[in-house]
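Read the structure below first, then the notes.
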Amino acid sequence: MGEETHVSTTAVSPETASEALAALRWKRPLVHCLTNDVVANVTANALLAAGASPVMAHAPEEAAVIAARAGALLVNIGTLTRDRVEVMVAAAEAARAAGAPWVFDPVGVGASPFRQEAAARILAIGPTLVKGNAAEIVTLATGRPAGRGVDSEEGESRAVQDAAVALARRLRCAVAATGRVDLVTDGVGVLQVHNGHALMGRITGSGCAAGALCAAVLGAGAPALAGAASALAYFGLAGERAAAGEPGPGMFQARLLDELAAVTPEDLAAGARITA
Amino acid sequence: MGEETHVSTTAVSPETASEALAALRWKRPLVHCLTNDVVANVTANALLAAGASPVMAHAPEEAAVIAARAGALLVNIGTLTRDRVEVMVAAAEAARAAGAPWVFDPVGVGASPFRQEAAARILAIGPTLVKGNAAEIVTLATGRPAGRGVDSEEGESRAVQDAAVALARRLRCAVAATGRVDLVTDGVGVLQVHNGHALMGRITGSGCAAGALCAAVLGAGAPALAGAASALAYFGLAGERAAAGEPGPGMFQARLLDELAAVTPEDLAAGARITA
Amino acid sequence: MGEETHVSTTAVSPETASEALAALRWKRPLVHCLTNDVVANVTANALLAAGASPVMAHAPEEAAVIAARAGALLVNIGTLTRDRVEVMVAAAEAARAAGAPWVFDPVGVGASPFRQEAAARILAIGPTLVKGNAAEIVTLATGRPAGRGVDSEEGESRAVQDAAVALARRLRCAVAATGRVDLVTDGVGVLQVHNGHALMGRITGSGCAAGALCAAVLGAGAPALAGAASALAYFGLAGERAAAGEPGPGMFQARLLDELAAVTPEDLAAGARITA
């Protein structure tokens, strides 16, 4: 491994991930989640297991107030409605005004023009991080739907990386494209996170929980690129540990929460696989 | 056992169920779920565990678009609202126009006139399959509320069978009435599915998941009568296996997903108990 | 321990809790839940595991009809919207008119003026029991937000007890303030429930499930003060048993349902720790 690669890797080394998790555990950030109906429960439980404090509140009368007070905001469009778009816009603007990091998860953005238009409005507010699966990131970058559903995977192809980098440059934010290998970029550097397990694709809400954990790590003070890579490594490592013994998806789901609680910063220092 | 009975049984034999599950695993149909808030997560997980691909989307701006593209549609009125009725009608019409199978699950239809009126509107569109518990099917067939709540069971009485047959004839579709023994009919033949376990009634959403699995099996190409019986036998067999060792309802819920993933077409050929 | 204390304790003795659970198992009350989106599933499963029968229905067209027929009503404002407030008011009025007990759980009431105003409207209808965590009860009693989020805990301080008693006197109802030790009061007597485990705070919805179980016990005929203490002792004992072996939060969540089903009235007689 060359010196240059070594230096880049160190910039988001296992130690960085370890520190990000330690900060999360220490600060217990309040993460405001505007997420989809299907995964609200598992998202809240993932945040609690990780050590953060979730709050779900989507009434227009209070969403902006709560977003402004929270340590971070998650906006996830999985089961979007017109009313919810307005709430998301207001909350994202409040988070931005308050200087709080906010994460956008464009779930199923290619499924309809309605979601694409909503995503465009939300993106215009300037998220700290966009985290989607490969198909969703390609859809956002190119404006053309890619993949058929929310559980698509495209792997770590060059096309995905190009899309992520282009999107990050255009939006001036960090972008994470998840898949067998996760890519995270700020438009300049690109990190690859090799943690994870195929069982994570067999349960609903794992991608959504990943977005929430990114928000929690950013809410605990980590910078966007290193924080997103750290959160994805942490989540992936928990998934690897939960998959030990090849459980079925039901037991895996329970164990994944167990491992989110059990993984220590030291475990993450030893187990994070992040490369530049 | 007479020849005639033998022939009818063979028409939806364990081999038929096995083939239906094999097709589901091979085709991985996209199942659009308009279902209730309480069970959305477990429904998505049941579909993923079974090998299908769930999509939940209930905005009026996109529900019909997604329904038209999906392999099958599920309409479940468990936590109905007026807005949701309109979305269900639009999506059902889109599915019908696209030639995609769609399943109606009249959860708690006897609970209020509001649900009965909504059910009447939805049924008029012409579902491929109506799947309810015995009380719900009797309510739809007679127009009079039967049973007090959504977790009612009435067993496999003659009254239930008569109601199911009458409903199937009136609607010209298949009807499944679940209970200790599930009845499935197309208005001519009646099949009994003997798989299942009492623990399935101790967790919320098992009936709703059964409806979703019916939609998935139909979405993979199975005809309505045989497909519904196959899906219910598959779900019931998974429940039997998950109940081994008499777990409590919490562990049973996790294991049920495990078994939905673990049951193979060969297991189903050996374990399906479908009689005419 | 003095005679007077002994008498007061006996008034809500382990035997009382045992009888309350036996009545719940026998009567299987229908509990209408107007609760938040995040915990609807776990609330339904907790009620089923306990032996009650849950029904979730929040359409304005049917909520009052269903509330009037149910054995008890739960109103929980965790993910409140303006429309839902109207439904809660209508359902609470229907429950009151029908003479059915109803429980108010002011989740996160301190999070926004919107929730405080909604809580004030709902409280004016006259709940049978208000069950909140310590911060929520203090917020209701003082009108000033206490605690930062829904997972706050304040312990069993004198301030919490004073707030609970004042609130109970003002509303002329029972009040339960949960925490490391739960306090239950009718404005005159104060009971302490010592059952429970710290893991219950590591999963979402445990407080919400506690409120639902209170509604179920009241729906089975128990008086408010003794019923609430009994329900909280039952839930806490299930939590203690589920925590045996120090599982992670995912497995704990599954086991908690298992133990809600497994705890017998005899177990509760032996394990309830309620003091005056």
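Which chain is which? They are A, B and C, in the order written, and residues in each are numbered from 1.
The working rule: contacts are C-beta pairs under 8 Å (C-beta built on N, C-alpha and C of every residue); 3 or more make two chains touch, one makes a residue touch a chain.
Just so we're clear, the structure is a prediction, and the values are computed from it rather than from any experiment.
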Could you draw the chains as nodes, link the ones that touch, and say if you get a line, ring, star, complete or other?
complete
Subunit C and subunit B are one sequence twice: same or different residues at the contact, by the over-half rule?
different
Inter-centroid spacing, subunit C versus subunit B (mean Cα positions, whole Å):
34
Residues of subunit B engaged with two or more neighbouring chains
37, 41, 253-254
Per the contact definition, I'd like the list of subunit A residues that touch subunit B in the complex.
36-39, 41-42, 78-82, 108, 111-115, 148-151, 202-205, 247-251, 253-254
In the complex with subunit B, residue positions of subunit C that touch it
30, 37, 40-41, 44-45, 48-49, 53-59, 61-62, 65-66, 69, 253-259, 261-262
